[in-house]
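As structure tokens, here come the structures.
One chain, subunit A, links the two complexes that follow: it is found with subunit B in the first and with subunit C in the second.
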Partner chain A sequence: MSPSSTGGFLDRVLGRVKLGGWLALAAPVLAILFAAAITAIVLLITGNEPFATFGLMVEYGFRPRTLALTLNFATTYYLAALAVAIGFRMNLFNIGVDGQYRLAALIAAAVGGALVLPGPLQIAVVILVAVVVGGLWAGIVGLLKVTRGVSEVISSIMLNAVATGVGAWLLTPELLAVPVAGSNNIGTKPIPEAAHFPGIALVPGTQTKVFGFIVIAALMGIAYHVLLNRTVFGFNLRATGRSESAAVASGVNVKKMVLVTMLLSGAVAGLIGMPQLLGASYSYSLDFPTGLGFTGIAIALLGRNHPVGIAVGALLWSFLDNSANILDLEGIPTEIVIIMQGTIVLSVIVAYELVHRYRIGAEQRRVGRELAQNTAKPEGAAV
Partner chain B sequence: MLRNRVGRLTATVLAGAMVTLGVAACGGDNSSAKPAEGGSEKPAESTGAKVGLAYDIGGRGDQSFNDSAAAGLDKAKAELKLPEAKEMTASPGETEAKKEERLRLLADQGFNPILAVGFAYSGSVKKVAAEFPDVKFAIIDDAAATGPNISNLVFAEHEGSFLVGVAAALKSKKKNIGFVGGVQVPLIEKFEAGFTAGAKAVNKDIKVQSKYLTQPPEFSGFNDPAKGKTVAEGMIDAGADVVYHAAGGSGGGVFEAAKAGDAQAIGVDADQALTADAGVKDVIMTSMLKKLDVAVFDFLKSYAGGTVKAGETVYDLKVSGVDYSVTGGKVDDIKDKLEEYKKKIISGEIKVPSTNP
Partner chain C sequence: MREAAISTPTTVVAETAVELEGITKRFPGVVANRDIRLVVQRGHVHAIVGENGAGKSTLMKILYGMQRPDEGVIKINGTPVAFRSPEGAIEAGIGMVHQHFMLADNLTVLENVILGSEPRKAGVAIDFAAARKKIKEISDAYGLGVRPDVLVEELGVGARQRVEILKVLFRGARILILDEPTAVLVPQEVEELFENLRVLVGQGLTIIFISHKLDEVLSVADAITVIRRGQTVASVDPAEVTARQLAELMVGSELPSPQTRGETVTDVAALTVRDLTVRTPDGRPVVDGVGFTIHKGEVLGIAGVEGNGQAELVEAIMGMRPAEGTITLAEVDISSWSTLRRRENGVGYIPEDRHRHGLLLEAPLWENRILGHQTQKPNVKGPWINRAGARKDTERIVAEYDVRTPGIDVDAAALSGGNQQKLIIGREMSGDPIVLIASHPTRGVDVGAQAAIWDHLRAARAEGLAVLLISADLDELIGLSDTLKVILRGRIVADVDPCDVTPERLGSAMTGAGERA
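Presenting the complex of A and B:
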């Protein structure tokens, strides 16, 4: 039903087909309303008052402390979604972002704990190590794909498991970890205070600082936009994503593109753990957050791989995540949040598809009408 | 035509929604199965303590670690007539910021005392306790977070594990026993170290097979019965006839494997010959009791009596904080020997290692 000129379903899901004007906004708004409606039904069935619950979430969400926390979570989510989005734009499904950021954070934390350099320099070294480790780990996936044709979905998901194993092996007292007296936790040596990434008191009315890394995340978003839309590399990347054969025909070295894109995606993945490592925990221990790579996939889909869309998606996701605590306190099952997040992703995809089909239908009817009017006229009066 | 497609999509979405609802309904059932949170009947008689309790991943209903703490709270609720208790639960993979916020919310709402269940709360308890100096905090399994208003409730898991190690060695006919750990973290390695030491104390040539279900940060090993079963089956195939697990919810699989393989199993934390599924209770010869319920109850009681002690309280063999269970009578014949070892540990004659050599 979809003409080839508008790409396949996948192209639309991944935001490679642009929707113009109000439709681009209508779809996500409708999707969120739809998700809210589903959640309301769930709440009713489980015996909770939907409007009171939403009211509670919004009230809690706009407390200064929560706002700061929301921005902090969103910073991490944004980086995770960007890492995923780079691959998505080229039809590369980097499911291994999770393993890439965990391994990168662990090794970067160990290096940061071992070194004593002037503060800013040490921060730079830690970030560099994370980027390199993340990139190299993702590079394995790229290499396997270009040399052996291994699907990146399979290899990256397996490398997640390998990263878990390697991480567990490294995080032992014999290698990178130091035990803490009296604690059952175990982590890398804490990064010295001089190399902590300073927070910003962005939200008035709370002592909780926002990760300074939010600036870097924003810069990464701009860099992502410029790279994709203003450079030859970005053009080649998008072209390869849309049609590999066409890209080959126009002289793009697809193998090189695959490898470089995976390296880039992994390098950004390496940054995911940095806000937490350099801004909050200063050490990689057993309770370092996990699963951010998979959250990133959902948010990249939600934001249709657009730098602004992802930012909105990350904020929404982190707002919902944060509201779980207040729901728990009020005795409302926190699973509501997960249901809502899942429904939003699904309904965004469905809404875009509906809007897209509506547009094609309208276009076809318009062309049909004009053709009918113009049958009497000579050729060449096409639309 | 467009309408048809919209109709089809709507149907699909609705079908999806139904599935979602089904899942949610289950979630709702779980939560409604929880005992009612909220005020007791006669607040006038209460001690006035509004207890806040923050669980680790799994929360109430995990049939293991968290449930033991919940049992202590329930007992305190009944006996101390607590007016209100609020229970909150961690979600998998969350950041420390979220744990902090959980504790802070409880403190903000006037809950006092606040109990944090699990070592993962260490950093957050330390931070939040400093912000609320008038609120009493307790943390289980951690002695690193210290402060004037923090009570650290820790256990000598290795001592209890030593005793069940002795029992395993005495009961093993093939001189081959197994240890299944949930996740390879220092806490669970303590169980392994004690168990191995106990077995070797009886028979230094005994073969002890050891395996962990997952490695951190993958914590699913505490809640994966299928994996527990596979690993235990492997040990039994390799000749083990007694298997000890310290794997939380995965233990059910270990019991099943023991039952199928004609072996015996040793439970953990709770007296699992009472709490495990009816079909496998008879393979459980004993359990290493880690009395979280006692620790939680004691803490709440001391709060009610105004005698909360900050700092470390060790629940070891001496105070029966850890012990072995005798339900089912399967260790009655070796009870004298077990008691002998117990005395030696309490007197200090035997020093149980808490880490593997």
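Presenting the complex of A and C:
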């Protein structure tokens, strides 16, 4: 077996293959530098001064208010990437996170607007509704896959479109929507103030509070790590992702795993809309953020499905998003940041691949060397 | 260009067809070939023997242009060459018959033979008539008996191999490399192959024959080169050497034998299979009404040409494949149990393909220790993985089963095949199994690991383990089994007494020739 044939390229992209020590850090750092270089070239071509532009972004990005916003965006992104990562770890491409969180947020917002319960209890109910709706919507994908063999990529993309349609139908005045005061927007009935999730004044020097949900997001990251690495369920999930045939032979019920994993991924997806709903907008209206599921895919790739890696990726992504707002004022197109984000994802994937090849070769050399020292008979490493 | 390759030098510069001088090839972590020297005379069957992993295949890949040597010179008919790809080797008149056939089942023999080197008519259309004529000529000249217009899927293994040989001859090869050509053949087919080879060399072709089956090598080869640990250790004349001497040259020490000593079979049934039938999705039975009982302390061997239902039988017993019939484990009907429950209740499993079914290649050894035992101590505590317990037990397996590894944190992919297999066997033996399903337990492992694996199987049998042994190695089957059954097209067609059978007779039972073996 040659080094390059161990594990699929996809396994490495999706982080099911571990990278050792400092190499795990070197890859993304190099990729970001590379992406910055590409962006600089694009800036030069479009007649802008790269270093001045980056300087502007850094200066604006580190203002207290921007930092608070960065943390808020990152909270949402983090949850989105976790939802995607759960599927990725066992080879399931839940492209439908987008539809799952939008439908979950809409129904949860409607329930929250209709109920009047003691504050914390109402928050719990809203979150629970979102988790259940997200999970069930993703469960359709899992059910189709295990009973009819439908690819989860296809069905989850389709269900995104269906979710958009269902959402548009639900968010009409006949059903769940009421006019938003002082605009021609419509949205669900606002959630009563007692059930607002309190913000935290985390960043000094600004009125902007950080979503209290950042705590829940951090707890979810820990739960994700513990579930995957310390439980039998997580072992089975990772084993299935690494080699489905070996998992089947070891007694894992792969169909059950597919279903449970989709339910879990969808349940986490249900949380994505919660920071915004319970911490800022308090209702689901036409301008509720969309497309977070796809941002989640990019960040899960960046962070190699590792809870800390995803956190770094989410912060970076969010920092770029927010610091870009200054560019408009200076007449520099903000799309430059989208180019940078795209280049980062692409170059990170390439960098991980290079590092992986290096690591496999290094490990085989190391095993060969150590065995040659310890035993008279040179037992060949995998050839 | 291809025509040019067929023509041999008119003046015979030397009788040497192939000469390798000081070939060295390094891979990460291992030197596959070191200073290899090899001289092959024209018109000889030259055997290259060595254990698995000795470097035979690498050497042949170098000669065939699939890999480039780091050092050394290759001379073909006295001329130094440097191949960049197999195309270069083909042009120089070298052809390779791979161990695993590279034929498309749904094409005819003719189509398979010309695939990739089609004779053209007026530059565009394929000239089938010319191709058919040429195939007939080659087939008649060398007595291959290949019929150009039958579908490959209708051919048996021996006939497919002759098609492969014809394929390289069609491309103008004068030097043929045969990589373990007898691995897939039963003894009768081996004899036929050897007849063909003698005709080929009689006509001036040269054959390089790679094998580790020494009796065959001694019966067919004109010259033998032994490779051990990547080096040529001896060139011998088959007339002046015995199989035993050859084996000792190969291994560099005493040869292990699979002989089982002592009677350990009890009359307590451990695994009983009744009327087991496995069907393909279109309803055709691939395992057809199979029944047997394995007692405690008994090794039941299943002999058969590969593809006669052995893999399906194993997967049905493991619960990985739906099946009809009953399976009883120590008097409990487990037919409806899941794979997990069967494993939990004492069925160990050494899968045929360790990379696909036995290991997580990109996971560390200690995680591989957990695989298949996810619900059992010492790997878990309730729903939690017990890292410390799993790691400690992996250390035990590494020590007891002599898994050569620098530690338990390296990935399984970094170990050699034999060490991977020893890890699997150690894992499956832990937790006191009642029954062990061992599918080709020593396939692709070196002689040292093979002997160790046989020892472990014998020791477990002595302690009362029931073993279902499926193997393509007839010596292994005869040597280890207490009871031997022959499977053919999904049915048990013969019971054989392993104390009183030769590989030849077993081979004829496997092809259905002598069902009363």
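Heads up, the rule we're going with is that the second predicted complex is superposed on the first by the 350 of 383 C-alpha atoms of A that agree within 3 Å, B and C clash if a C-alpha of one lies under 4 Å from a C-alpha of the other, contacts with A are read in each partner's own complex, and residues count from 1 in each chain.
Everything below uses one rule, namely that a contact is a pair of C-beta atoms (placed from the backbone, for glycine too) under 8 Å apart; a residue touches a chain by one contact, two chains touch by 3 or more.
Note that the structure is predicted; figures quoted are calculated from it, not measured.
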First, second, both or neither for A:Phe233, with subunit B first and subunit C second = second
First (subunit B), second (subunit C), both or neither touched by A:Gly361 = both
Scan A:Val248 for contacts with subunit B and subunit C and give back first, second, both or neither.
-> second
Considering only touches as defined above, state whether A:Val116 meets subunit B (first), subunit C (second), both or neither.
-> neither
Which of the two partners, first being subunit B and second being subunit C, lies in contact with A:Ile38: first, second, both, or neither?
-> first
Between subunit B (first) and subunit C (second), which does A:Gly331 come into contact with in this model arrangement: first, second, both, or neither?
-> first
Counting residues of subunit A in contact, which comes out ahead: subunit B or subunit C?
-> B
Interface residues of subunit A shared by subunit B and subunit C, listed 1, 361
What residues of subunit C sit close enough to touch subunit A in their complex?
-> 27-30, 32, 53, 58, 229, 318, 320, 338-344, 349, 351, 355-363, 367, 370-375, 380, 383-385, 387, 404-406, 410-411, 413-419, 448
Interfacial residue positions of subunit B with respect to subunit A in the complex = 1-2, 5-6, 9, 12-13, 16-17, 20-21, 23-25, 27-28, 30-32, 37, 86, 88-89, 91-98, 101-102, 104-106, 109, 119-120, 122-123, 141-144, 146, 152, 154, 184-187, 214-218, 312
Which residues of subunit A touch subunit C in their complex?
-> 1, 3, 6-7, 11, 16-18, 229-236, 238-239, 242-243, 245-246, 248-253, 360-361, 363-371, 374-375, 377-383
What residues on subunit A touch subunit B, complex-wise?
-> 1, 34, 38, 41-42, 45-47, 65-66, 69, 72-73, 102, 164-165, 167-169, 171, 179-186, 276, 280-281, 286-292, 321-322, 324-326, 328-329, 331, 333-336, 339, 342-343, 346-347, 350, 353-354, 357-358, 361
